[in-house]
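Chains: A, B, C and D, in written order; residue numbering restarts at 1 for each.
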Amino acid sequence: MTENTKMNEEQIAEAINNAFPDGITSIQVAPRRVFLTISKDILLKLCTTLKNELGFEHVSCVCGVDMKTHFQTVYHISSYSNKVVTEIVVDNISKDKPEVDSIAPLWGGANWHERETYDMYGIIFIGHPRLERLLMAEDFKFFPLRKDFDGGRRVA
Amino acid sequence: MTEMWVNMGPQHPFNHGLWNLRVKLDGEKVTDAEPVIGYLHRGWEKMVESRDYQQIIPMSDRLCYCSALTWSHVYVSAVENLMEVEVPERAQWIRVITIEIQRLASHLMWLAAVGTDLGSYTIFLYAMRERELFLDLLTNLTGARMTYNYMRIGGVRNDLPENFERDTLRACDLLEKRIKGEYYQLMDQNTPFRMRTIDTGVLSKEDAMNLGVTGPNMRGSGVDFDLRRDDPYEKYDEIDFEVCVEKEGDSFARYRVRMREMLVSCDIIRDAFKKIKEGPVRVKTPRNAPVGTAFAHVEDPRGESLMYVMGDGTNHPYRLKVRSPIFVTVSAAPKMCIGYKMADIPAIMGTVDMCVGETDR
Amino acid sequence: MELHFDYSGLYEFLYSVSSWLLWLVGRAFEFIGVDSDNFFYPVRQFLTDQQFVYFVALILVALIYLVAGLLFGIQFIWMERKFLGRFMDRRGTQVGFLGFFQNFADAFKVLLKAVIIPKDSDKRVYQFAIFGILAVSFMLLGLVPWDNNFYAVNVPLALLLGLAVFSLAPFTLILAGWSSNNKYTVIGGMRGAAQLIAYEIPILLVVVSAVVMTGTLNFAEMVAWQQNNVLLFIPLFIGAITFFIAGVAESERIPFDLPEAESELVEGWQTEYGSLGWGLIMAADYLRAYIVCVLFSIIFLGGWAGPDFIPGSVWLLTKAAIVFFFMVWLRAATVRIRTDQLLKFCWNRLLPLAVINLAIAVLIRVYSVGWW
Amino acid sequence: MAEEIKKRTTYLSRGALKPRAYVGDGLKVTFRTLVRTTIHRPNTIQYPWETLVKPECYRGRPGITLETCIACSKCVKICPNKCIEMVPIDHPTLGKVKRPQVNVARCMMCGYCAEVCPTDAMIVTPEFELAAYTRSALMYDPIKLQHERKPGYIVHSPMVTPSEMKSGRTDSHDKGDMAIKDTVQLDSRKCISCARCSKTCPVGAITMTDTGELNPKTNKPVKKPVFDDNKCVSCEQCVDVCPKSCLSMKEAM
């Protein structure tokens, strides 16, 4: 981690802002929270700066959302030193080619979360060390958490 | 000797619940480990999307059988953040007290499991005997022994029964006497227990943070971080308590962290009872949640549990993601188990306090 | 060398019983009208022959020892379950008087279970292993006398023969583990054998020190020596503790329980044994614990020596029960240790203690330092 | 305060933990328990003969009192596992009426049906020994569901409205209180005064009153429903049955 000065959420928000002037669509700040909505392509660069410069050591959660027209992936990354949690929403991932950069190489904690998101939604994480199904059976052909998957009947 | 893949299979006496640790053995030493989960997958997140907000509360109790209250609390506070509901004072204090009682019951269940894994059945029965005290307290309060359905969006279901405070303080005093007396002598002072747990399953501080291991397992490796103190929710910012941290990161450190955490929980309960005031315990909340997203994360007895809820204006949640602490700790299990003997795995995975219900959801 | 068998009181009694039995058989033949004088003369001659009656008496003794052995095994199981219950703040078994008949119920249940033999395990060795374990335990039981004149056989080198038989156990463990054709049981069998062999050496050394003190290898003379001089427990205290700990390891009980540890190896080498096989193995386990307790009380606590208002054998049994109480107590209080720690504990801790104890015994014997 | 706590718990940290005897302390603890449990009784409860003392609010299967039930089917809507169903029975005094039938096999004993029941007819009984030989035996029909009432069985979850809470109100409203009751709103333009809502209302809180105008085609007086908020139990049956869906619930905030 860089200098161990404690940065509160405003400083972190500005640091992110001037580091990535274009890719960020919206940014809000709340006590100990930073909410970001970004586009797909700057995700990996943003995560590396978060990890190296801003001292975010822990990925709390990676989850996918099926917005019927497109996919979304939501990252909660928290920092122990600054005691801040950033929520990054990667919006409009196209439905026919759902691909996002994987942040598993940066944080080991995201490994299984991304595998589960792939298992449930079919979002492919590029660069993930071992992207396979985690909870469902290996030969399960559907992605259960998608909105079009009707849970009420028996599937092969 | 050729490498031998041994399945410490889904149905194996050492693991609590259905998960499989495939272990590659070179003689006695573990050279590779690969956890396989999914045997208990109930499709919780898909079921949730067809129920309304109040009907999910009893379902969130059933995520992990030994810490039902903390799970329904994280769900309820996530929905409260979504609806911007302001919970009355007394309800927040009652939540702090019941969560700490639930933490004690969960840690005692863990202590019983560690005992049986390593072969001492007496500690199982002692821990279960103490746990009964706290289950009786919660039965008087909520009406059920383990699946409480006590938390409501905007407060709690009912107020404390009479002399609940007296019983709780008595139970805490007895538990503290027992921890410092019987358990301390039976487990800490027992050399075979120390031989089995010291320097087994060492998890360094960087690994703990990077791999996403949280809670007592992380504090056992020296990371001084506790959501109750560093990101306070409910009334934890008005309570001054000590976060127990151990530096060594082996199974004994994790064991020590949880034993001291039980003592600290007793102090928190005593402190909370001093500061609780009269007042309403539940506020009326709207039936439909606004469009938008919110999340809440709390200090579960096993780590950081987080719920991310997305509302779409109806009374059904559009998406409800559950982050279970043990789901991530199991992904870090190979890092803890490689290099140790096969007979160490129960000691390592025992002190990690597995709960497969919340892992597979 | 002229083999001199002096038969104890048990034999006179059984000799008369078997001769009465054979007389009964003869009466039965006469009753069905067989003229015993001419046609059946050789049969009658055979029935009343000295050697044959003695042979039937020997079988009756073996029968008595079998029943007594299993009864002691069951009594010790009952003691363990009751004491463990009370150590753990719960009730032990509750079937029958003070829970004693629970074990008979378990025995019958075990008899009723289906015998399942693993598919491609080699059948004969699989079954032989059970009888191997049982034979080892019962052979030793036969050697140990219960009273001055109540014993099956009173061989001068009884202790030596006993320990030789005792060291057969690891062999049967490996057989059981190997023949069950299961990955876990092979590991369990190896570990069990390693543990038993390792823990026999401290036992041998301690027994040697006892023999140095008392000068005999025969149980009766050892007890007689202790009656005249002092219980061996006092001078050879270190030896007694070593013998006790090694005995706990020999009978695979909790602190040294790893070969059949359920948490790692799923019952170790016993995994594939089904109904009666498993029942007999469990009875053999408790029988081995009983033998260790009896040996301990004979060598160190002066077996059947005790004030006369209680018969000698009852003294022996109470002392064995007290020693077993300590075993159960140890089981309630501690945790299982790993195989390599277990072997390291044996070589680094128990062996030096046994050698020190031997040195003490030699010192006392040679310079008669003691007060007797 | 923190130092004082730190002093109390650090003595347990690993450094101060040199074990004195190998297993000595464990033996001491277990022997003390042995003595204590032989003198006093051990901790076990002999279940069929002695049972745990259960508090009155213990949540077992739901129970009902047929007389006070008004068949408003609020419990049917709230049940997460959809175990409850309205079933017609012929009651000696009330004649043919609909009463809830609970499928106890699916019931997860969450107590919601007793919590929302406006007249406290549905209660939570501490009965949990529900073993039965057939699955249909677990389908408790209203007669079998009856259970004697005790004060502890009735479930009340008193609430307070957010506005009152901000103004610092301490006591909270009980179940039927007007302050926290959701009332029914009528959108009179869409209402075709078919009077279905007044027929389905279990408590008869809806009365059709003529509003003075005449129906241009049939020149009969037009009647519109009027809601008596005191009687209403906000069970939303009228909202569901209205063909033009012109009824909606206004939540008391």
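One rule holds for everything that comes next: a contact is a pair of C-beta atoms (placed from the backbone, for glycine too) under 8 Å apart; a residue touches a chain by one contact, two chains touch by 3 or more.
If you're wondering where the values come from, they're calculated on a predicted model, not measured in any experiment.
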_Chain-contact steps, minimal, separating chain D from chain A_ = 2
*What chain lies closest to the overall centre, CA atoms only?*
B
*Calculate how many whole Å lie between the centre of chain A and the centre of chain B, each centre taken as the average of the chain's C-alpha atoms.*
25
_Length of the line joining the C-alpha centres of chain C and chain D, rounded to whole Å_ = 64
*asked:* Between chain B and chain C, what distance separates the C-alpha centroids? Give it in angstrom.
replied: 48
*On chain B, where are the residues touching two or more other chains?*
120, 122, 125-126, 129, 186, 190, 192
*Where does chain D touch two or more other chains at once, residue-wise?*
23, 26, 29-30, 33, 43
_Quick check on chain A: which residues sit in contact with 2+ other chains?_
none
_Quick check on the complex: what are the chain D residues that touch chain B?_
1-2, 5-6, 8-9, 12-14, 17, 19-26, 28-30, 33, 43, 54-55, 57-59, 78, 80, 108-112, 115, 124, 155-162, 165-166, 169-172, 180, 249, 251-253
*Contact residues on chain A for chain B in the complex?*
32, 57-61, 63, 65-66, 74, 76, 78, 80, 83, 85, 87, 89, 107-113, 116, 120, 134-137, 144-145, 149, 151
*Given the complex with chain B, which residues does chain C contribute to the contact?*
84, 87-90, 183, 254-255, 257-258, 261-264, 266, 332-341
*Contact footprint of chain C on chain D as seen in their complex*: 23, 26-27, 29-31, 33-34, 36-38, 42-44, 46
*If you look only at chain B, which of its residues touch chain C in the complex?*
4, 6, 12-14, 28, 115-122, 124-126, 129, 186-187, 190, 192-193, 195-196, 341-346
